[in-house]
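So, here's a batch of structures to check.
You will see chain A twice below: alongside chain B first, and alongside chain C after that.
The block that comes next holds the complex of A and B.
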């Protein structure tokens, strides 16, 4: 509740900061202050169970420790993102305050999709989340690739919104309670009615678009590749996990009772996503594009939560959000500093910049899912949830096999970092301040701590 | 009129929209087709709202039946916001390429 109000308000503050601030770095510090404030008000609400301002939303938003913990993860990752990449946001263009303002509006959308209890707020949340992102994607105005990415993202986003609305309309029509509240949808007994089932499928398709699950993933590589790298980092992590959260929240609360009827669809989507994401990532030369495909592959793993739909899956989703976002933000922060985005760009990084090489190693190991990292624990929770679910056991085996394939393309970068001769002039050493390196090390340490004691995050789910 | 007629009409409009999005190559026309899809949904929502109100099931909670009509206003507002951003993106593209053809973009892929 607090986070919705504060994020929207702070977005407006950031817009004015662009007008009144004399120095170019003022908006960045204001944004960091804002995200710290957001994190604190959210933590207070999580700890006390009481918001600072209470607004009677007529049950349209539902707040519990599950979504507050998720929001804490999101705000924590955004804070890290601002600290690591804030300076690079300033380099995108002239309107620094506006970029940060748009990011805060995205966060408002994230808060809405994490707490919604009606289909109306799902729709509005997804739109508040997407529209600022279209602008951020196209913010490099003179770059044709950025233009292409923005147009593609916009058209695909608007198209999937149309499909989602059709689904909502069908569900409303088929629902005898005539209500948009997701926990008040009368699914009837036995087989779903045709109208309800088509509404469900429409919603499934549109949300698959948003989380870039196969076969609706085709826009992802182009958009992630074309967008300015700082914003790709934000889109691929925080926005993606938020869309996942919306996905699982809808299907758990509204359609959890008929899980058996749509589980097969999820199985197909999960396996296709894992297959396409992992296989295509193998052939990429650019690390940025490889990370775009890897985000599709990781989405396949997160879809296992939707497949299992039990308590373990919810724990796994929060853990996965944290592990995936931390590692991806870290690796992107290193990538942004490079002038060469191909795998060769990483050649000899371990020798020329040992701190960067070492932290990049930990991030990549976490993304692969090597034990002692958060990535391993989160994948373990997801697989455990799928096993506990009891159906389609083979999907667990498939997921493990695909995780093994993912090791190939992550380890190719590792090989370049440690076993290739140093490539000169790839990285601007002047950009690498002491604070940046310390933050990278802290992130890496946090990933390892989370890999050993995942309970420090999971205990908050039951606070 | 029967609800089936409304469903058929709005599904037809929706399909025209989808086909347009998938086949048209002019960015503005694709965009108009998306708008057509949204308006098909608006029509359907209002029709369902009247259906629920007339069927009497929703009588116990009258305000639910008009929820869909409020929803339509939200769709209109969000569609307007999308138009603002979308046209800005298309204008930006036109400035750089002097074309709004989507095929042009595919040539950029190396």
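The block that comes next holds the complex of A and C.
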């Protein structure tokens, strides 16, 4: 509840920070202060169960420890993102204050899609989340690729929102209760009515688009590749896991009772996503593009939560959000500092910059899912959830085989880091402050702590 | 309570901590001595644990901390008789390797020895874990240091071949993870203080899991493929010769002496007890695969010119025989396999030490480029001949005891199996003696003209191994007694 208010307000504050601030770094510090504030406000609500301001939203939003924990993960990751990449946001263009303002509006959208209880608020949340992203994608105005990516993202995004609206309309029409509340949809008994089923499929398609699940993923590589790398990092992590959260929230609360009827659809989407994401990532030469495809592959794993739809899946999703976001933000933070985005750019990083090499190794191992990292625990919880579900055991086998393929492209970067001769002048050592390195080390340590003891996060779900 | 620290914990933590400390060393000689000392301490602990094997010392041999309680997982470590055998092998292997390769100078010695000790910690973890998830953890973690060791310090084509090895084993272990999860869903509930987990990862729960016969049959393959890749059993062996060839020899010793035993150990600890019916059901298929592997590897070894690949293929043959023996389910062959598990580790490390000395001094690994080593290095040659004879299981060597028992056991299952596998002994004699003859006798060639005989450290390491070979070749009874408990446990679950 408080997070919605604070993120929106802080977005407005940030808008004006550019006007009044003299130094270029003021907006960044303001943004960091803002996200710390958001995190604290959210943590207080999670801890006490009481918001600071209470507003009667007529049950349009529902707050529980599950979505508050998720928001804590989101705000924590955004804080890390600001600290690691804040300076690079300043380098994108002139309008630093606006960039941060847009990010805060995205966060407002994230809080809405994490807490909504009506289809209308889902729609509004998705829009608030998407529109600033279209702008951020195109923020590198002189770069044609960035422009193209923004346009592509906007057109595709608008299209998918249209489909979502149509789905909502269908469901509203087919619902005898004539209600937008997701827990008040009368699905009837037995087979879904045609209108209800098509509404469900429309929602499934539009949300699959947002989480870049195959076959609705085609925008992802181009947009992630074209957007300024700092914003790719944000889109590929925080925004993506938020969309997942919206996805599972809708399908659990609204359509959980007819899980069996749409589970097969999810199976198809999951396997297709894993297949396309992993196989295509293998062939990428640019690490940025590889990470775009790997984000599709990781989405395939997160889809297992929708497939399973049990407690373990929800725990897994929160854990996955944290593990995936931390590691990806970390690896992007290192990538941004480089002038060469190909795998060769990483050559000899372990020797020229041992701290970066070592932390990148831990991030990559976590993304691969090696034990003792958060990435393993999250994948493990997802698989456990899928097995617990009891149907389609083969999907688990498919998922682990694709995870083995993912080792191929993550380890290619690892090999470059440790076993190839140093490539000079790829990284500007001046950019690497002590604080940056310490932060990377802390992130890596946190990933390992989470890998050893995931309950430090999971316990909050049941707080 | 009452026990401050237990043997399994010590065996796992000591190399882990020592390994981490190694990374901070800058100077080569210092880190060498430190790593050797650390591995000797681990050996001392392992030997001490032998005296505390009785039931009255139970509290020293197992420990159980609740870890992730909601999913019924705990850090459950224990040292039973099979575990004791393999931890002892691991504990012996590392100091021997360190002492024998004392002369090798590695770039970044701190990282090299650190990773070696981390690999030891991972291996120890595999052998002492009594919880399926912990087992899986260590199973993968043992692989990571070895991956870095091979890729960083190996031969020319190290990156590709190590990567092939990594992807193979990673895929295998992930399949095993799927299998573990499936068995886990069929385990009984388990209480912890403050609640009940619906299922449990503990070995006992796995053994008591309620899988139907058809379920067992396909879960069996999920586990078996992981173990078969590690051993390796035909047709999952293709990673092995390249990896052995390209790894630095001290890592090859770890791989072939200890790490492949992880696969056999997995069969003993997790496959046979958890899925007994399926194991019996597929025993014939597995044995036939093993025998194909034995013959195939022996034949290829005969035409190998590369000395490292020759030893690699001979190792495939030996491991295949052990795996076949384990699936024969009788007392004789199982005990033979247990003894051979240990003996093969000793012998193959001895082989590699000799190969390492040759490679370091001459810079070649092809048999055709060697010759007349015996004239230049008689002591080395004597050691090699003894170890090579043990490798082909000549009577009075330690390997004879194990192999004889395994053949006996196989014979009682099906004489044809014993016959087919028995051919491998003849083939082993052919390729081993041919190698000795060509590389060590004959005229001195330019590559070997500068060879010096072995140093004190190498002598000591090889002497220890050879003494072991003879001691247990002549007097196998202590080994037989030592493995009796393990044997009883295995047979109890299978029959």
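The working rule: the second predicted complex is superposed on the first by the 463 of 463 C-alpha atoms of A that agree within 3 Å, B and C clash if a C-alpha of one lies under 4 Å from a C-alpha of the other, contacts with A are read in each partner's own complex, and residues count from 1 in each chain.
We take it that a residue touches a chain if its C-beta (ideal position, glycine included) is under 8 Å from a C-beta of that chain, and two chains touch if they have at least 3 such contacts.
Since we're looking at a predicted model, the values are computed, not measured.
Student: Using the touch definition from the top, say if A:254 reaches chain B (first), chain C (second), both or neither.
Tutor: So A:254 meets neither chain B nor chain C here.
Student: What is the contact status of A:120 with respect to chain B (first) and chain C (second): first, second, both, or neither?
Tutor: A:120 sits against chain B, while chain C stays out of touch.
Student: Once the shared chain is lined up, is A:147 touching chain B (first), chain C (second), both, or neither of them?
Tutor: A:147 contacts chain B only, not chain C.
Student: Applying the document's definition of touch, where does A:322 land relative to chain B and chain C: first, second, both, or neither?
Tutor: The answer is neither, since A:322 touches no partner chain.
Student: Report the partner of chain A that touches more of its residues: chain B or chain C.
Tutor: The partner with more contacted residues on chain A is B.
Student: Of the two partner chains, chain B (first) and chain C (second), which one does A:227 touch, if any: first, second, both, or neither?
Tutor: Touch status of A:227: no partner.
Student: Could you say whether A:192 touches chain B, chain C, both of them, or neither, answering first, second, both or neither?
Tutor: Neither: A:192 stays clear of chain B and chain C.
Student: In the superposed view, which residues of chain A touch chain B and also chain C?
Tutor: Touching chain B and chain C on chain A: no residues.
Student: Residue numbers of chain A touching chain B in their complex, please.
Tutor: 120, 123-124, 127, 131, 134-135, 138, 141-142, 144-145, 147-148, 150-152, 154-155, 158-159, 161-163, 165-166, 168-170, 172-173, 176-180, 222
Student: For chain C, which residues are in contact with chain A within the complex?
Tutor: 67-71, 136-137, 140-141, 144, 148, 151-152, 158-159, 163, 166-167, 170-171, 174-175, 177-178, 181-182, 184-185, 222
Student: Taking the touch rule as given, give the residues of chain A at its contact with chain C in the complex, in rising order.
Tutor: Going by the criterion above, the answer is residues 312, 365, 370-372, 380, 383-384, 387-388, 390, 393, 396-397, 400-401, 403-404, 407-408, 411, 415, 418-419, 453-455, 458.
Student: Under the touch definition given earlier, write down the residues of chain B that touch chain A in their complex.
Tutor: Residues 3, 7, 14, 17-18, 21, 27, 30-31, 34, 37-38, 40-41, 44-45, 48-49, 51-52, 57-58, 61, 64-65, 67-68, 70-71, 74-75, 78, 81-82, 85-86, 88-90, 92-93, 96-97, 102, 105, 108-109 of chain B touch chain A in their complex.
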